[in-house]
Every structure is written in structure tokens, then in C-alpha cells.
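Got a structure here, written out as C-alpha cells. Questions coming.
Chain nomenclature is as follows: A, B, C and D, assigned in order of appearance, with residue numbering initiated at 1 for each chain independently.
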Amino acid sequence: MRSALRAAGMALIIGYCIAPFLWQVITSLKPAAELVSLPPLIPTRLTAEHYAAIFAGHPFLRIIGNSALVAACTTLLALGLGAPAAFALSMLQVRGRAVILAGVLAISMFPPVATVSPLFLALNALGLHDTLFALVITYTTFSLPLAVWLLANFFAALPRELYAAARVDGCTACGALARVVLPLAAPGLLAAGLLTFIFAWNELLFALTFTATEAARTIPVGIALFPGLHEVPYGEIAAAAVTVTLPVVVLATVFQRRIVEGLTAGAVKG
Amino acid sequence: MSRWAPALLLACAAVLLPACDADGPTPGSTVVVFKHGKLFGDAAPLRALLDEFERLHPGIMVRDETLPAGSDEQHQFYAINLQANSPAFDVLAVDVIWVAEFAHAGWLHELALELPPQERSAFFPGPIEAVTHQGRVYAVPWFVDAGLLYYRKDLLEKHAFPVPRTWDELARTAQAVMAREPGIAGFVWQGKQYEGLVCNALEYMWSNGGEVLSAGRVVLDTPRNREALAFMADLVHRYRVTPASVTSATEEPSRHVFGQGRALFLRNWPYAWRLFQDPRSRVYGKVGVTLLPHFEGGASAATLGGWQLAVNRHSRYPEAGRKLVRYLASVPAQKRLALAYGFQPARVALYRDPELLAAQPFLATLERVFAAARPRPVTPYYVRVSQVLQSELSAIVAGLKTPEAALAAAARKLREILADEA
Amino acid sequence: MKLERELDRPLWYLLPGGLLLAAVTLFPLGYVLWLSLQRHSPLHGPPRFIGLDNYLRLAADERFWNALWNTVYFAAVSVALELVLGLVIALMIERTSRGRALFYGVILLPWAVPTAVSARMWEWMYDAQIGVLNYLAGVHVNWLGSPGWALNAAIAMDVWKSTPFVALLLLAGLQSIPRDVYRAAAVDGASGWTVLARITLPLLAPVMLVALVFRTIDAFRVFDSIYVLTGGGPADSTETLSIYAYKVLFQGLEFGYGSALAVSVFVCVALAALCYAQLMRKALR
Amino acid sequence: MARIRFVKLEKRYRAQPVLAPLELAIEDGEFFTFVGPSGCGKSTLLNLVAGIDAPDAGAIYFDDDRVDGLAPGARDVAMVFQSYALYPHLTVRENIAFPLRVRGLARAQIGREVGRVAEALGLAALLDRKPRELSGGQRQRVALGRALVRRPRVFLMDEPLSNLDARLRLEMREELKRLHETYRVTTIYVTHDQEEAMALSQRIAVLSAGCVQQCATPQQVYADPANLFVAQFVGSPPINVIGGDALHDVPCAAPLLARHANVPLVLGVRPADVEVHSQPRADTLAAEVTLIEPTGSDLWVVGRWRGQRIKGRAAPGASPERGATAHFSVRPERLYVFAADTGTRLRSD
């Protein structure tokens, strides 16, 4: 009975999560003529025309490459800067810890619609217009608060003695971070990294403003360029969405398996 | 991990910073950037046109950069760039409602020579009005759009109704046909809270002799406008010929409903025609198109849309930019684009061009529509005006406010906005 | 030796991130604050300092209060739902043995689709006449077009989209709870619910706070999904502070007033964060 | 290996002294224990030596090198933690090898050293397991192995046995002693268990509220406590303390008391120095038996005498019964006299 209930609950939740996505998949496979007609719910025949269209009509591979590069660099940078900061805030003695955490948080409280134009001014002044670098800096900055908060939490949950042991065993603070703290906070690292990656993968407003050409165009801008003046090609949009979503999810799944499950089966004994 | 991170970051930085001059221009040439919203599917014909321009003007290269087609995204992009005095682009395509605003903000070069008075009559009068701010022109009309009434020829014939000329006829015809054709909506149009709603509403007001602004004064709260908007709301709530979901409808959903054969009348732009003429369309061969209806005693009015070419005030190469504008707005260029994309040129003469008419007979119908099409109130504050109207009109369509209350409130807010000017 | 001692100083760990944050955000934030004290629009000639006039105008602006209420409603309902649902999902994944990776991937899907795209898809699914939702349910609900439904419809999409964020964080939190704790509880004979309420949740509290804070921040700044779905309509019934700020800034070109709106978003979120901090402190006591 | 010297070592926490200025020297190769109740500052002291915590004043010397300014890794100490602090993401082998790898030793040498230690501690079969797959005792050995592998100048042990069950604790205690005798590394040991401290150490320091109460060999601390606190803390079962008016009725106590007639006093006598008889004698005091504790080798008897609690060991042949009266005899030479207000030991000579 209990397990039946649980299975039903799981099915319901999976349905809620997956149904809209499934609808996108279906849409992306429907022939153009059937796109907006209901019935049929399931297309009478499947077609790859929308997938062909996104790669034929647009430099979509280049755009995916740009996004991958931006998202990967953002993730590395955000973790690379966020982890040491979180480490200092949770393991070392910092005066004004609460103030720092609050300040970091405050940065993410301004709506992007307001910060985008001064940022544009600043990046232009630095000559970074239409570069992926401008996006990486911006994304890293706006992902840092989450990374710092999240990692500080995970680090603080580790037994302090492990850090002490590493220090006594000869590590510098930095070495202890790399050899002991980071490996043990892998679930947090993965979560923070994934959220950062997906944020950078999907961000539209900054990307639209800071880039002009294919040299720096990212996926959301690329997809925003699909609709014509009035016409909205739902099939192609859906195909593009499916194309750019699946790799991320597969990647995330693999990471989750590799990193987290290996470590957490027994978890950290205090 | 932390050990190779720095090396990796360095490598990334090398890639991320601009890959300079990989296929840059030949030295000494001027690169003009043409920024425009996405208008067309295939980029090749436009590129061919620009190549031709480069051949004609040695030393000038043109790079065209596309923005998303959404009007709001473009306005946002231009606002940020132009406010920052960015010279990142030289020539830009401007929506018909922005010219006065951009000109007033000092963002555009005056284009007196590109559009001298004697040449203005070659264009439709609506766009010329729209590109004129305080007696000067700041943009050259490129192509035009206007509201049309699409109808189901077959259904009107089947039930022996004429094509409606007045709004009243439209409502009665729709009611009658709906009674005999279950599953058919009477009249679909665009009622979501967005710019398109203003376009729709203006067509009711104008076709009843109403106005929004007159000589810089707000003349919104008048009996004619109240009557017109009351009718618009009645379409949904009293005659029930328009489904209540019109409050979320933009161009595409309404086109799809009509295109599925589930509506009798549709208000939309000319682009829909081409799609209904596709043999795979469910309404292929069953669609007619005409001027929008008017109220008894009024005249049909269509809201003008379309895009104009302008030169960025902070352009590094304004002269080259002007040349490009002149070229793109020329008769041959507009004709080539019309042939390639089915876009509707802003030059009247092209609507009598045999070659073009042969390719797109529909243009003959459109000529009288565009000739009568009216620009939305030409004021630098139009976008703010429109926001007020969108909110109040949406309340009318949703049945939350009476036209009286909404118009009174809108008029008050518009006066505040215009008072800012002083 | 000297260097090693130096490396113990927290400054070196905080500095790189801190410098980046300062370099990239100080100017924009300061600029927004400064703009909010100005009458600043390209349509109104040169900018003029007007003190707090923009804020006084806010206080008298019905549309601002309407947007504030919409925002608060949106944030409260969506964050609450996301937290509950996210917790349920995280617990389920944690307890799944077979097909766990698949489950994880499926849950992640909504978060990984670009918002602008999923909003368009939802807009289409919601369409009262040609949308799949009404078709499947066999009803004629005007999801996005009626003032009563529209904001809730937007919430449903946001919950769909953002629950994975919460689930992901909470799952990571769950994975860091030592197994021994559960073993000890099992030995003590605690029931499933007791373990959840007395052990799992308190240990998860810090991560839940992070999820709560960041979801609230995002919900308060919600923009693209609602903008695509309804554009703020019908009749401003879904207009949030960010959408209003966007319209004022980038359409109305009132940079001064728009910045004041942005600052008001900041103040709201900061207040919410303070409340959370107080609640947490009380709860921990 | 090193001689350790603390010079005016001081630590405060929010102006509250955790460690009063400490002056102490630990000899090269000595097994030295700090013992005291929890919160007495003993772990803080160990952290100061390890470098995990920094002193507010004073200095720590290993031989002639001042180390309190050095990073923990630079001090060449090894530490065993109460929780063992094994790295859960590393195997036993990697855990033991960790200090060597951090120091950049050659792979081959690391392998040899780990093998040696694993052999010595009986861990050879467990090398590829993760800590979570080990029992408590095995984890304890791994923690020891990680400390031993490096032959540090100083060993620090923070209650290493307190997480083990009683039997294992005794085993490991012996093992520790054996290891110390093998390697002869200066060891600072911290525990709250006085018996453990006595069994292991060459010298012990009894700490209370951040102050060393007494520092001496286990035997001295037991037989010649410096004050009432030490007397009460050391020895099991704990010392009998007799105060108030009853004091003067303790047989044989009068001469002792007479020497300190001007201050209020308490008397202390260890239960092991009190014999319980069934029949009265001249020097016994009669008390009602309230509790009897047989421990196998001994039979402990708790009695109530004039409102005071007194514990003694049953004399051979005596069989006291609960509720009955028994007769307690005190060995006068084992009576300690303390000032009642300060707890200071008052000596007879």
C-alpha cells in the first residue's frame, strides 16, 4: 500500500516535470502542417525537418559551442572563486562574516533589468563589447553569491577536525581545501556547479545586450532569433530547445552518478 | 583540481577574448554596420543586396547584424546602446512608432537629403507622417504593414452574407453564422496586453471618427471613442462573437485559430495571407481579405506598422550610413526585397510594378489599405502613451472597466505624460 | 614558512571573488542608486537631481502598488510550493535505488530548458483555443486571459521550472547528512515521520535556507517567464515589479523612475531576507 | 623528537581565560598527559601545540625552535583525534599515506612506509577499504597509523580512546604504551580519564579551569596530591572527604588537626586506605552501611557516619550487610588535610 502510494506520487511528479518537455519533443517532431492542430495529439508521422532546419538555416553549432564555452568557463570561475571564499567564511576566522555574506547576497538582489545598462556602459568602456569574455565575467559575478552561500554551508557542515587533521598532516590551508574539503563537499560543489552552468547556458537579457554577432552569440539569443516579425516557428523552437537541453541533463546525470554517489554512500562520519 | 585551474583559465581567456580580425575588412575600408530586427527567413537575398551595395561603393563594407524580431527586445537593445552613445552600429531599422522618440532623444541623424520634400510623395503618406518630427525627417520608410480583415469566403457564400463593411454588419453576420456553424468563432483579433491591442483598438476609434491626440492635446475621452471601445468590448461580452480568450491573443494564436478553420473573421497583418495561400493550409482557397469595417458614418482605418531606415547619431561613418539608407530605400532595392521576401514596400510606385504584381497579386489589394493606413499618435512619448492605453484597453476587453472609466483614467494619465514635455 | 602562515589569512581566499564582485557590481549598483535620485530620460533633456522625488512618486503610483502586490503574491505562493515539492522530490530521489540517475535527469529537465523558450511553450500550451491543456482536460479555461487565472497560471509554470532548483539543492544537502545519524535514529525506534521532522529537516535547515533565500530573490525579480506569457496583462493583473521596471526603463525610457522601481525590488527582497534570518534564528534557538 | 617547553602560554576566548599563563617543560621522549574534566582547557592546549589554534601570548618551543608562529604542517607533529578524523573519501592506504604525499615523498618510499606501519598495526588486510567499512577499533588503528607513518617530533593525542568500548579501550591502551616504548616519540596525551592517564604516562598534569593544579608522576599525584581538586579527581573510587564538626571525631586525626587549628579544614582519605570490619576496634568509627559494591577483587562498602559519606574496602573475612552497622578503620598516615576554603593541601611537616 505504502509503496503503491509512493509509486503513484513519483509518477505524478515525474509527469508534472516531464509532460511539458514531452510536449516540446512531440512538437519538435510534428510536421509543419500538423503543428497547431489538435487532434491529433501524437503526430501522424514523425519528421526531422525542424531539426534539419535549425542546423541548416543558422550557425547553430557555433552558437552551441559559444554557450558551452561560456557556461564551462563561468562554472569553473564561479567555483574557483566561490570555493575559496566559502572556505574562508566557514573554516577560517573571519571578522564580519555575517556582513560579508549579507553583502554578497545583496548584490544578487537588484533586478537585472536595472543593472544591465550600467554594466553595458562599463563593459563597453573596457572594450569587451561582443566578446564571450564579457558574458563570462558577468555570469560569474551573478553566480558567485549562490556559489559562496551554498558552498559555505556545505563546508561548515564538514567536521572541523578533518580540516585540523589535514593541517597537522602537513597541508597548508590551501592544500587542506583542495585535498580534503573540496572532495568531501562534492555534492555541494556539483549542485553549485550545475546551477551556475545552467544559469549561464540559459541567460538571455545580458547576452542579448552584450553581444552583436555570431562570434559571441549564445543559445538563448540564437533561439530568440527564430521568430520572424509575426510568425513564430514553434517546431524549430521546440527542436532547438530539445537539442540544447538534453546534453546538459545527460551530463548532469553522469556527474551525479560519478561524483556524488561514489562519495555519499557512507557519507562523512563526524 | 585547483592545480590545473589557473592554466585552464588562461587558456579560456585566450579563446574568450575577441578573435581579432580573422576575416576582417581590407585595410582602409569603412565598415558600416546595419542593425535590424529579424524580418526574413533566409539571409541570402539581403546579403546579395548588400554585396551589390559594396560593389557600387568601393571602400565601404556592410556588415548586417540581426536582432530578435520582437519589438520590445529591439527597443530595449536600442535604448541601452543609443543612450550609451554606442557607435556599434551605423544604420538601424526603426519601428514606425519610435522615430519621433529616437529623434527627440537626439539619437538619429536628420535625413533631409535622403528624403527631400519632392521625393516624399513617392511614399505612402502614413509612414512619411511617422518619420517626421517637428518638421524634419529622421528616417526613410522601408516597408509597411497595416491591419486587414480576413474572412471566410466559403462560409459567407454558403450562408449568403456579403462581406461586412461596418462593424455592426460584422457582428450580426458573425452571430448569424455562428448560430449555424457550431465550433466556429465569429471574429478573432489581438487583445493581449501589448502593443497589438493598441493597434486593434485604434482601428475602432479611428473608424468612428475618434482620435487620441490632436495638435498635441489629449482628446481621448470623447463619446465617439467611448462608443467605439464599447463596441469592442461588446464583441466579447454582448455579441459573444469573439471568444473571451482574446485577452491573451497575439497575432499567431489568432492566425492559427482562423487557419484551422475555426473562425469566420480575423483581424491581422498582411503576413497571414501568404500562409493561408499555402496549399497545405486548411483554409487554402477559402479566405478573402478586405479593408477593416467602420462605424456608421466613419471610414475604414487601418493601423500602420512597418520599419524605417535611420542613421545612428553616434555613428562613426554617417555619410556611408546615409548612402546605405538611400540604397536600401531605393526602388530597385525595395523591389528585390519584395520579390525575395514578400515584404510590402513603402514606395507607392512599386504597387503598380507589373513584374512585382505578377509575382504577388495581393499587393494590388494592399495599395488602398496602405494608402489609408494611419500611424499611431506621432509623439516622442508614444511608448509611454501606449503603455497607459494597453493597461486601460486590456481592462476594457477583460470586462473589468467600462469604456467610460477606462478612457477617463487613460486621458488623465496621458495628460500627465504630455505635461512632462513642457 | 612565512608564506604558509600568510596562506592562513582569510583575506587571500576572499580577495579574488571579492574583487570581481566589487569590480563588476559596484559601479552598476551605485549607478542605479544615483539614477534613482534623478530625473533622467533622453526625452527630457539633461538629467536633473531631484532627491527622493522618484520615491515619492512611487508611493502615489497605483500601478506600483498593484505590481508590488502581484510580486509578493507570486513570490509567496511559488516559493512555498517549490519548497514543498522540491523537498518531496529530493527525498524521493534520495530513497530511490533503481533508476535513480534517470529520475534525477528527468527532474532536472524543466530547469535546463531556456526560460524564454519554455515560456513560449507554456504560452502555447495554455492557449485557450488551440492549447493542449484545454484540449486534454476538455475544458475551456482562459488560463492567461482572465485576471483570476493568469497570475496563478504563471505561478504554475514557475513552479514547474524552478522546483528542480530547490530539489537539486536539497538533494545535495540530504547527501551530506551522515548515514550514522539515520542509523542511530533507527536504533532509537523513531518512525519515518519522526526521523523526517526531528532529524532530516533540522539538519537540512541551512541548505533549505539557502534555497529559500535564493528562490525568493529570483521570484521577486521574476521577469522573462511572465513577460512572455502575459506581458503583464490582462489589465496589469500579472504585472510584477520587474516587468513594470522593464516597461518604465526600456520602453518609457524613464531611467530615473525605473531605477527607483529597481531599488524598491531590492528593498523588498532585502526585507524578505531579513525576515528569513530572524525566523531561522528563532527556529534554531 | 623534541623537548617541549611552554613559556607563559596563554589563551583567551572573548576575554575569558581558557588557559592561564602556562610554564611547563616536557622532556624528550616523555609520555606526558594532561588530564582534567571537560572544559578545563586541555584540548585547547593541544590545539595550540598542533597549531590549529593560535595563543594570545607566550611561546612554545620544540627544543630550541620556537614553533608557535609556524603553520601546523611545519611543526612536524602528528595528531590523533577523538573522532579519528579519517578522510572518508580516501582508502586506508591513502589515509595513512596522506601526510607523506602532502610532503611530496617518492611513491616507492610512501609504499614502504605505509606497509611498515600497516604491518605494525595489523592493518595490512584492510588497506583498500574506506573508513566507513571499518569497525571503531580499526578506525582507531588507522588514525594511529596516519600519525606514526611520519616519525614526527611530537605526538599529540586528543582523547583517542574515548570512543571505544571498555574492553577495546584497555587493549588499545596497552598498544599505545607499547608503541611509545618502541618509537620513543615525545607524546602529549589529553584525556578526562584519570585512570588512563595514570596507566600510560610518565608524568601527568592535572588541569582545572585553565590552570595546572599539579604536575608530577602518576604515583606522586596519587599519593601526594597538591590540593583537594587533584585528590578528588585522581583515584578510583574517588577520595572520601570529611568536613564539619565530624572532623574532630575521626580517630587518630586529632594530632594532624591540631597543627592547623586556626583555619577551617577538611580531611581526605582514599577508600583504599579505609578498611571495613564487622567488629568494632579502638580506632574504628561505626557507620550504617548504605551500599555495597562488589567488583570481584574487592568489596567496596559505603557507609553513613554523622551525616558524612565514607567509603572503604571490606577487610578479608568481613561481610558487611546493608542497613547494618560496620566499623571503618582509617590509616592515619594516609590522611590528607586541606584548607576548607581554598582546597590547599596542608602538610604536617
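Assume a residue touches a chain if its C-beta (ideal position, glycine included) is under 8 Å from a C-beta of that chain, and two chains touch if they have at least 3 such contacts.
Since we're looking at a predicted model, the values are computed, not measured.
J.: Compute the centre of every chain as the mean of its C-alpha atoms, then state which one is farthest from the centre of chain D.
T.: B
J.: By count of C-beta pairs in contact, what is the leading chain pair?
T.: A-C
J.: Once you find the CA centre of chain B and the CA centre of chain C, what distance in Å lies between them?
T.: 34
J.: Measuring centre to centre with CA averages, how many angstrom lie between chain A and chain C?
T.: Distance between chain centres: 15 Å.
J.: Report, in whole Å, the distance between the mean C-alpha point of chain A and the mean C-alpha point of chain D.
T.: Using C-alpha averages as centres, the distance is 54 Å.
J.: Go ahead and note the Å separation of the Cα centroids belonging to chain B and chain D.
T.: 88
J.: Going by the contact rule already set, what residues in chain C reach two or more other chains?
T.: Chain C, residues with two or more chain partners: 4, 7-8, 130, 179, 246, 249-250, 255.
J.: List, in ascending order, every residue of chain D touching at least 2 other chains.
T.: 71, 73, 132
J.: Which parts of chain A, given as residue numbers and ranges, touch two or more other chains?
T.: 36-37, 117, 121, 172, 174, 224, 232, 265-270
J.: Touching chain A in the complex: which residues of chain B?
T.: Against chain A, chain B makes touches at 1-3, 5, 8-9, 12-13, 15-19, 33, 35, 37-42, 63, 65-70, 73, 76-77, 79-81, 83-84, 86, 88-89, 251-252, 255-256, 259-260, 268-269, 271-272, 275, 280, 282.
J.: In their shared complex, at which residues does chain B touch chain C?
T.: It is residues 72, 75-76, 79-80, 82-83, 101, 104-107, 185, 191-194, 243-249, 253, 256-257, 260, 262, 380-381, 383-384, 387, 390-391, 394-395, 397-398, 400-401, 420 of chain B that touch chain C.
J.: Give the list of chain A residues in touch with chain C in this complex.
T.: Residues 6, 9-10, 13-14, 16-18, 20-21, 23-24, 27, 36-39, 41, 81-82, 84-85, 87-89, 92-94, 100, 102, 104-115, 117-119, 121-122, 137-138, 140-141, 144-146, 148-150, 153-154, 156-157, 172-174, 185, 187-188, 190-191, 194-195, 198, 201-202, 204-205, 219-220, 223-224, 232, 234, 237-238, 240-241, 244-245, 248-250, 252-253, 256-257, 260-261, 264-270 of chain A touch chain C in their complex.
J.: For chain D, which residues count as touching chain A in their complex?
T.: Against chain A, the touching part of chain D is residues 47, 50-52, 71-73, 77-79, 81-83, 85-89, 98-99, 102-103, 130-133, 146, 156.
J.: List the residues on chain A that touch chain B in their complex, please.
T.: Going by the criterion above, the answer is residues 32-33, 36-37, 57, 69-70, 72-73, 76-77, 80, 116-117, 120-121, 124, 129-133, 136, 174, 177-178, 182, 208-209, 212-213, 215, 221, 224-225, 227-232.
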